[in-house]
Amino acid sequence: MTTASLTFAGVVPPVATPLLPDHSVDHTSLARLVEYLVDAGVAGLFALGSTGETAYFTDDERVAILTTIADANAGRVPIIAGAIELTAPRIIETARRLTDAGADAIVTTAPLYTLNDQAEIADHFRAIAAAIDVPLWAYDVPVRVHKKLSLELLIQLGTEGVIQGVKDSSGDDVGFRRLIAANDAAGRPLQLLTGHEMVVDAMLLAGADGVVPGVANVEAEGYVRLFEAAARGDWDAARSEQERINRMFDIVFQPAGLSGDATGVGAFKAAMKARGLIDHATMAGTVTPLDDAVVDKVSGVLAAVGLLPVATV
Amino acid sequence: MTTASLTFAGVVPPVATPLLPDHSVDHTSLARLVEYLVDAGVAGLFALGSTGETAYFTDDERVAILTTIADANAGRVPIIAGAIELTAPRIIETARRLTDAGADAIVTTAPLYTLNDQAEIADHFRAIAAAIDVPLWAYDVPVRVHKKLSLELLIQLGTEGVIQGVKDSSGDDVGFRRLIAANDAAGRPLQLLTGHEMVVDAMLLAGADGVVPGVANVEAEGYVRLFEAAARGDWDAARSEQERINRMFDIVFQPAGLSGDATGVGAFKAAMKARGLIDHATMAGTVTPLDDAVVDKVSGVLAAVGLLPVATV
Amino acid sequence: MTTASLTFAGVVPPVATPLLPDHSVDHTSLARLVEYLVDAGVAGLFALGSTGETAYFTDDERVAILTTIADANAGRVPIIAGAIELTAPRIIETARRLTDAGADAIVTTAPLYTLNDQAEIADHFRAIAAAIDVPLWAYDVPVRVHKKLSLELLIQLGTEGVIQGVKDSSGDDVGFRRLIAANDAAGRPLQLLTGHEMVVDAMLLAGADGVVPGVANVEAEGYVRLFEAAARGDWDAARSEQERINRMFDIVFQPAGLSGDATGVGAFKAAMKARGLIDHATMAGTVTPLDDAVVDKVSGVLAAVGLLPVATV
Amino acid sequence: MTTASLTFAGVVPPVATPLLPDHSVDHTSLARLVEYLVDAGVAGLFALGSTGETAYFTDDERVAILTTIADANAGRVPIIAGAIELTAPRIIETARRLTDAGADAIVTTAPLYTLNDQAEIADHFRAIAAAIDVPLWAYDVPVRVHKKLSLELLIQLGTEGVIQGVKDSSGDDVGFRRLIAANDAAGRPLQLLTGHEMVVDAMLLAGADGVVPGVANVEAEGYVRLFEAAARGDWDAARSEQERINRMFDIVFQPAGLSGDATGVGAFKAAMKARGLIDHATMAGTVTPLDDAVVDKVSGVLAAVGLLPVATV
């Protein structure tokens, strides 16, 4: 792996996937979004993650999405791409196509649908890493995978060189703190990113290397400032920035009674459209779109924190 | 759909996938297994389900497996094939390939990985049904999918003609009884199969149309007798047959401390090999194989119920 | 234990607790309810269970409730009383008071609030059995206790003579079938009652000794007929009776959007009041009462199955 | 409520309950433990919580425990006592006895065993607050109660004056951060304590008012230093102290294969005994004691962080 030293420390937003009203990919908006994120100073791009609605796309569509992201990025920051599939043989097929299309690293989860123990999950990651030419990351997201990657598993895979890092969306702050300590004790084989975008200041204080914030699709500059403040040890500034971001993050609490996917990504897309970052708030697959009243509430939250109107991108 | 009247009432075993020691598909054993099942009098074949370890195979491998099953079956009984994938667009791709390879019907679950509500799940099934040329079935297996298909959803989809039937592995006997009653009240748009292979007598008394028993890969004749006894109202005979089967089913409680997939399918394959139905007990993917001591215990259970040695198939 | 041979086979309804509008116990209605149940031919009374809203009462209130039940019963059928408390020392205090007040047996669950393993739970039951003078039963209700009593635990405790029986509300029909088989293999140390009131025919076919049906508070005669049909092997009659009962059981699906306690017991009490079995449908504690529209729906279900108006009790 | 201004900001350890080998309360060790904690500079004492094994004691025992704590404390710091019981009527009985015995505030959870919604849980807290003479706190511990107290519920109860504060052991750092923000927006009606003892630095940065750390029973001085560092904005010092504490906290990961209660409190008691803070490591109720090998490992962890031998208390 020639890219073994590749790092994703800092702000690595999960890139949303703008869609046209007919549900096909809006490559124009997607390229504009990438331009916005890179200009804002992000450290990398996390393509085809949950925020990118990756589960709803075929592999052909995934390749097209990644190609646009890679073209727009033009090598300025590293790209890690989600290969979300059931098991190793299927993940490897997807990962190879994404690597060919420009991914600098691959991230995946424990197997889906199957009933495996931690030893089988470890072999799953080993099989994938052995079959691809770029670094592999582990994505720990029990709310979607319904399995937790154990601390022992992650440290073992890091020490073996199977995985280069972890994106933690486990919802378990104590577990993440223990992972940080165990990683330190093992000589830091892993880079550790948190997906808990509302407590990034606290997780950086605890020792996280970076963050994968979905809401950075709406406004990325704040997370960059937050990360820089933390890096220089100005924790009061980091906290203030986090608290400002969290007021913006209130957009995801405006929808009521909808599914998790409709609510979270739905609010992001509505806000992105309101700020002119994308042209349509169309959702992927069969996900219910937000109605006008909710979209108005989302805009209201943005206006209240001074994020509307947005300057021309 | 020219096959709209196709029925899967009766015993519809989920066909296991025999593997060679190098983990490639053992097509010879697979064809022999299909011959055994059809000879035993099953009403249909459930290909590429959980017992078939379908999640661990690429689509190319799935097509090869289904082709062998279809060729060995030679049209004697209908074949329903699992298209297990993340979401509708990906399921449709898989389903079309399986239909081309000989599936008479397709069965799939709610989306995996995503966070959807029942309305989105309904649209998911509608999108799939609209894109394939054979009947669609719903597979309710919360232990793997982590979502329960609601009674209202299933009856609605049945009434619309979107789904033809349900395979229920929900672990919820009360919910299944309510589904039977609601289906009756709606004019029986759905065929209802239970996956609870240890209580088939009770579920048939309650009104199930049939059963998808994994352990029929080890011995199928018992379930055929059980179903026939129930069909003629001889519930004492049905219960006796179930109790005999359940003593055989003890094979799945012999492994200890292994994963769900290693335990269940592992015991089936060890028993199938012991009975000469397949040549190797190799497990798919990274699933841990049973050790010799457990394999001996499995054989011991079979011997205790008179299923060893088996007559030449 | 002089009552070691006491049996609760058959229909053992969990007695509801009628309340006056000021939330005090309506002893007049309670005595009338007991009279109704015993007249209907039940085999025993299950006092102070979940349907009896026992968790919402102080021990003084529990003693008063049990005293009224025991007085009204006048020794005609055995009474098993729920001692629902956190842990053994507290359960023993409650159980002794209930035994003094007339309980012929005590039933309790695994500890609440604590984090115990199966060995600790076994010792919990042993400590309780050693401290009381009547038979002990185990109540397996994971939806409330959030722990499942394992098959091995139950058979072990039965074999030791620690528990005399099990009330199974586990929602796990396969587990219950395995428990029946294991109990048979162990010489039947346990009596096994199902709480799954919608599948009693099926569970009796599978080998249950009886049933604890909450809806018997609304109409008990049907379950008595069902049990008698099953006892004489007339499974078609048992199923028909079950299906009729299940149409009545639709009362519990009339409330929408309320808590589990408001919904289930709320529907029972509304129906009992409609049938004149109790004077008020008041709920215990802070449980939300059903509104008039839902009460009308409940009455509509009863009328549709011919249970309204009811003859004077 | 004359004590309405009472505050529990800072370090408020949940006092463990030392036991004699015969399982009766070791009042001598308990008084010595209280002396140790108060001397170390804690801001209050949290009596009869999960770490205090309160669920395993009768109310008479609870009163005796609280009396010893109150006597040893002699009014130096405020005492909040857990009234852990099923529902409001039973909690009120316990709470009144504890208040009479010296509790300055009462803390309790959502109802146990019952199936309630948030509106019913709100009324539960209202009923309790109305019936006691000291401030009421809400304890959010889903791992034991299996219900989460919603943000809206807590802010509403705080605004009404029903509860004075929250002890958060929800395992949900994002939810806690949102609670802090909502409490600020509402004018800070609530005091907010975290039970996540491994991430106190991070939670204080996020805005927590204090912490309830079980491991403070082993060493309390560290948390006092941590809190003081955070109070003066020295986040690097706070983090270093937390990291040192976390190395000590490794004691709870030494037991393997035991229950949650045996593991956590078991490790605390073994360490307390090793440090001479209590005389016996006896566990309450039927909880499995740690074996000698594990106790040695616990001592090894303490020695590695320089906490053995301890100076005479």
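By letter and in written order, the chains are A, B, C and D; residue numbering begins at 1 in each of them.
Rule of thumb we're sticking to: a contact is a pair of C-beta atoms (placed from the backbone, for glycine too) under 8 Å apart; a residue touches a chain by one contact, two chains touch by 3 or more.
Since the structure is predicted, the reported quantities are computational estimates derived from the model, not experimental observations.
Each chain gets a centre from the mean of its Cα atoms; the one farthest from the centre of chain C is A. Chain A and chain C have Cα centroids separated by 50 Å.
Between chain C and chain D, the centres computed from C-alpha atoms are 36 Å apart.
Contact of a single residue of chain B with at least two other chains is seen at no position. If each chain is drawn as a node and touching chains are joined, the picture is one closed loop, every chain linked to exactly two others.
Listed in rising order, the residues of chain C touching chain B in the complex are 171-174, 177-178, 181, 196, 198-199, 201-203, 205-206, 233, 235-236, 239, 243, 246-247.
The touching residues of chain D, counted against chain C in their complex, run 50, 55-59, 61, 84-90, 93, 109, 111-117, 119-121, 123-124, 127, 143-146, 258-262, 264, 285-288.
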